[in-house]
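Shared between the two complexes below is subunit A, which has subunit B as its partner in the first and subunit C in the second.
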Partner chain A sequence: MVSIKYSVLKNLDGSCEYTTANSKVITGVSGPLEPKQRHRLPLQSAIEVFIKPSHGVGPSTREVLMQDKLATALQSIIVTEKYPRELIQVNAQILSNPFDSFGSLQNDPFNEIVSSMIDLNSCFNSIFLSLIDANIALKSCYFSNLFTINDKNQVINITNVESLESLQSLSHKSIHLLVFEIEENKISNILLMDSKGTFHDDDIIKVIDAAQANTELEFKNIRSLIKEKVKDDYIWKV
Partner chain B sequence: MAKELELNNTEKKFILSLLAQNQRLDGRKSLIETRNLDIKINPDAYGDVYVSLLTPEGSVSTRVHCKITADIVKPKDKRPFEGSFYVNCEINGLTGLQFENYSKPNSMSSEGYYTRFLESMILRSNALDLEQLCIIAGEKVWDIRLDLHVLEYDGGFLECASIACLTSLLHFKRPYVEVQNEKIHKVYTDLDERDGVNLGVLHIPIAVKFNIFQQLPTEELIKQSNNTNPGKELVAIDCTIKEEMLSNGEVLVALNKNREIVQLDKPGGVPLQSYKLLELANMALPMVENITSKILKAIEIDESKRNEYAYLLSAENDRYDG
Partner chain C sequence: MSDENGIALMQFPKEVLQRLQPDLVFKRHLNLGLRPRSLMKFDEYREVISVSNDDITCDNQVTQESNTIIVSTNTSKIGNSMVIKTDISLGVSEVDNNYSNQYAQIWPEVIVNRGRIGAPTDEEMIASRLIYEDFIAGRFVKQDELIINEVGIKKPEEDEINYDTEDVDEETINEIRDKYTFVLYAKINVYSREGPVYDHVHNSLMSALTKLQVPRVFIEEDSIDLKIPIKKSFNKKQTEKTKKTFNLKFDFKNMNKINLSNKISIASNYGVITTDPTILIETEERDDESMDIEKPELKKEKIMISDISSDIEEQSILSRISVSCNEDGYSSIRLVNGHSLDKVTVNDLKKVLEMAKLKQESLYNNLE
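Up next is the complex of A and B:
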C-alpha cells in the first residue's frame, strides 16, 4: 500500500518520496548547513521545517501549524548537540492530498482537519527516511500513525482508505495522530499525540493499542528498507 | 543560508570552450539539441502532471510537478463574462540550496519572471478561453489556479514549466455545473456521476529560451559595434544551470505550431543583431512542433488508459476508406 522511494532529489543531502493510498509527499533534508546569524544556537543545531501545500501560496497557517508540530518532535529525535551553531533544513512538498479537488472539503467540517492530518502524517514518515538518507544523527526512530474513530466506535487507519468518497463517508467522531518513538526496534514512547474531536479515555487507549500494532507491522518494512539502503550505499565494504 | 552556486575558473573555461566546439557538458552533441522530455500524467486525477528533462544518460535533470485546482468565485467587475487564471510558482529549499525559503517570488527572481512570462503567454494569446469559464455573468465564474512545483532544477525551467502548464491545462476537467433560473442548481463534483468539462485550450504555445554566449570580451564588442561582425555569439537551447550562469544574455520566445510568435522577450544582456530574432524563432519551430505532438500523444495515451472499454461501448460504425 505504502510506496517509499529514497534519494529522489540529487541536489539535497537526503530525500524521500512517500506515497500512501491517499496522499503523496516529497521531502528533502539538507544539513548541517551554516545558518543565518539569528538562527544560530550556541550549543545545538537549529531545525527549520518548511512545508509547501499541494496547491495555493504557502506556507499558510495550516502549514505553519504542521511545521511547528514537526519541528518540536524532530527536536527530540535529532541529536542536536552534535551540530552546534548549524542548521538542519527540512523541506516538504505535498504533491497530492485527497481533498484537492473542487468541493471536496464541503459537507463535513472534519474534512479540513483530516486533510491536514493526512499531510502531517505522511510528512512525518517521509521526513524520517529523508533524515536517514541525509545521514543526520538520530537518537531514536519514530513512526507516525493516523487513526479515526467513527460513530460506530470503530478504529480505522486513515492511511489505508483509498478513495475520496470513502474518506468523506467515514463519519468521524475523533481523529488521532500518534507518533511513536522506537528504540532498539521496540516502541518506547509516544513522541507526539494530536487528537481532534470528542473522545473518552477508553477511546485513547483503544487508539494507542491499534496504533502500536500498526507501528510494529509497518516499521518492520521500513527497517528492512533502511537495511537494504545501507547495504546498497556501502557496497564497497562488502 | 541560501548558498549561491559557484563555478571555478577552470570549469568556466571548460564549459565555454566546449560550447565553442558545439559540445555540451552533459554529453549533448549540439547547441540546439534539447534534453529528452518525459511527460507523466497522474492516472488518479485530472490536470496533475510531472514533466522532466532527462540527460542523455537518462538521469533526471529538471523535474516539475504541475497541478490545477478550480474554484468558483465572483468575477471582476470590469470583466463579468470572464473566469480567471493564475500561475503560482515558488522555488524553495527543496529544489536546491541556492533557493531560499520564505522568499516571495518577484520580478527580480528568475522563477517570478518566468512565471509571469508563462502566465501572460497563456492569457494574452487567448490560449485559454476565459469566457468558457463563466457560469453566471457577473456572479459566478471558475477560477483556475495552476501550481508549479519545481522538484529538481538544472536549467530548462521555462521549457519544462510551459510544457507542464499546457499539458495539465489540456488534461484538466472541471466539474459540470447545472444552472437553473440564474442560480447554480448543482455542481457535479463527482466526475463519475457526470463527466467533467475540458478547459477551452485554443492553441498550444510553448516557450523556448535561448542563451547567448558572447565570445569576445565586452570591450572588443563595443569597439566593433560600428562595423558589425555577425556570427560572433553562440546561441544555445535548453541550457543547464551551469551554462545559464555563464550566459551573457537570453531571448525568450513563445511559439505555437501554427508558426505564430506568441510572445517575445529579450531582457537585457548582450545586444543581438535584429535579424537574429527571426532566425531563432525559426530554429525553435521544429522543437515546438515536436513538443506539441509529444504533449498530445501523452494525453491521448492517458485517455485511452482511462477509457479502456470505450470501444466496447461505442456505437460508432467501422468506416472503410474505399
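Up next is the complex of A and C:
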C-alpha cells in the first residue's frame, strides 16, 4: 500500500519518494551546509524546512504552519549539537493530494484540515527516510500516523483510504496526527500530536492505542527497508 | 585568576545574560522556585481582562478603508502589558451551490505590532492559519445563519423598511433571497507581545464571536428597476445588453444575533522543562567540612509551566502543549516535543488536559 523509494534525487544528500493510497510526496535533505550568517547558531545546527504545495505557488499560510510543526519536531530528533554553525535544509514537494481537483474541498470546510494533515503525515515519514539517506545523525526514529474518528465513533486510518469519494464521505468528527518517537525499536514517547475536531478523553486513548499498534506494524517495514539500504550502500564491505 | 590564562572573567548584567543565554537564566530561576520577569507560580496564569461588545464601528479613521464595518469587537488585556484587539467585520459573497448544513469559515488576519512594517512574519501566518483551522474544527457558525434569506423593501417616501416581504411578488427580491451570504473576517491586532500569542488570540476571537451579529438587508424601491447596459465587445459587432442590478443596503439598526451552534472553546498552553541543579547558585558559603559530609543530591526535576509568558520562557521551553476545549470536549490539542531532554510524556498530557479543563471553566465565565 505504501511505496517508498529512497535516493531518488541524485544531486541531493538524501531524498525519498513516499506514496500512500491517497498522497505522494518527494522530499530532499541537504546538509550539513553553510548557513546564512543570521541563521548561524554557535552550539547547534539550524534546521530549515520548506514545503511546496501540490498546486499553486507556496509556501502559503497552510504550508508555513506545516513547516513550523516539522521544524520543531525535527529539532529534537536531529543531533543538532553534532553540526554547530551549520544548516540542515529539508525540502518537501507535495506531488499529489486527494483534494487536488478543483472544488473538492467545497463539500465540507473540515476537508481543509484533512487535506493539510494528509500532506503533513506523508512529509513526516518521507523526511525521516531522507534524513537517513543523507546520513544525518539522529537521536531516535519516528513514525507518523493519521487517524480520523467518524460520526459512528470508528477509528479509521486515513493513509489507507483510496478514493476521494470515500474520503469525502467519512464525515469526520475529529482528526488526529500522531508522531511517535521510536528508540531501540520500541515506541518511547509521543513526538507530536495534532488533534482537531470534537473529541473526548476516551477518543484520545482510543486513537493513541490505534496509532501505537499501527506504528509497531508499519515501522517493521521501514526498519527492514533501512537495513536493506545500509547493506546496499556499503558494497565495499564483505 | 583567569587573567593568567589570558581570558578575562566576564560578567554580564541579568538583562544581557538573559538574551545571551535565556536557558541558563531560566533554569537558575527555576532552581529558586521562581519564574523570570514575574512572580507567578509555575502553574499560575496571567490575569485576563476581556471586554466584548457589539457596537457597530467603522475603522475608516485609521485605515481609510471606508467600507469596513465592524460588527463585533473584543479587547483583552493579558498580564501587565499585552493587549489583543479583535474586530470581526463582514463581507458579502455569492452562495455556492452546496452550502446546506455546512459550517461557515472565518478569514482571520493576525497582526503582531512590533513597530515594523513589511510582509507578515511566520508567527503571524501560523497564528492566522491555526485560528482558521480552529474555527472550522469548532463548527461554531452554521452557514445557513449567514445566508441572506430575508430582504426588505424601502419605499422612497417612507422611513420604515418593510421586512414582511413573503407575499410581495417581486422578482428582484427572489433574485437576492438565498443567493448571497455574509462572509466573516477577523482582524486581530496584538500590541506589546509577551510570549506566544496564539492561545490568547484564540480566546479573544472566541469572545468576540459571542457578540456576533449581522445586519438585516433591504433594497430601495427606486433601485429595483435599475438596469445597466453592458457592452460585450468594443471591436466586433456591438451587442448591447442590459443587466439588471440592485443595491443591497444594510440596516445597521436592525441586527440579527448569530446563535453559535457549539459553545466557544478556550485555549491554554503549557510547557515542560527540566531543572538543572548543577547550575544552582550557592547562596550560602559553607565550610569545607560540611561540603564533605552532606553533598546536596543532584536530582533533575521536571516542571510544568502554564501560560508561557515571557521571552525567556518562550525561548527555553521547546516542548509545549496547547489545548483548546469547551464543556463538551476538546476541539484542538497540539503537542510538540521540541527538546530532546525535556519531553512531554503521556502522563504529562493527562495532567495538562485536566488543567486545561479547569482553566476553561474559570476563563469561560470571565470572557462571556
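Note that in this section the second predicted complex is superposed on the first by the 238 of 238 C-alpha atoms of A that agree within 3 Å, B and C clash if a C-alpha of one lies under 4 Å from a C-alpha of the other, contacts with A are read in each partner's own complex, and residues count from 1 in each chain.
Operating definition for what follows: contacts are C-beta pairs under 8 Å (C-beta built on N, C-alpha and C of every residue); 3 or more make two chains touch, one makes a residue touch a chain.
Because the structure is a prediction, the values reported are computed rather than measured.
Bringing the complexes onto one copy of subunit A puts subunit B beside subunit C with no clash.
When the two structures are aligned on the shared chain, A:Thr198 is found in touch with subunit C, with no touch to subunit B. Taking the Cα centre of subunit A as vertex, the centres of subunit B and subunit C in the superposed model span 100°, given to the nearest 10. After overlaying the two complexes on the shared chain, residue contacts for A:Pro42 are found with neither subunit B nor subunit C. Of the two partner chains, subunit B is the only one touched by A:Leu87; subunit C is not.
By the touch criterion stated above, A:Asn107 is placed in contact with subunit C alone, subunit B being left untouched. Of the two partner chains placed around the shared chain by superposition, subunit B is the only one that A:Leu9 touches, whereas subunit C remains out of contact. Fitting both structures onto chain A leaves subunit B and subunit C with a minimum C-alpha separation of 7 Å. When the two complexes are laid over each other on chain A, subunit A has no residue in contact with both subunit B and subunit C. Those residues of subunit A that touch subunit C in the complex are listed here as 61-62, 64-65, 68-69, 72-73, 75-77, 106-110, 112-113, 116, 139, 174, 181, 189-201, 204, 208.
Interface of subunit A with subunit B (complex): residues 9-12, 26-28, 30, 33-36, 39, 48, 50, 52, 54-58, 87, 89, 91-93, 95-96, 100-104, 165. Interface residues of subunit B, counted against subunit A in their complex, comprise 1, 3, 42, 44-45, 48, 59-60, 65, 67, 69-72, 88, 90, 92-97, 101-102, 145, 147, 149, 151-153, 174-175, 187, 189-190. Subunit C makes touch with subunit A in their complex at residues 96, 98, 102-105, 122, 125-126, 128-130, 132-134, 136-137, 139, 262, 318-319, 328-340, 343-346, 349, 353.
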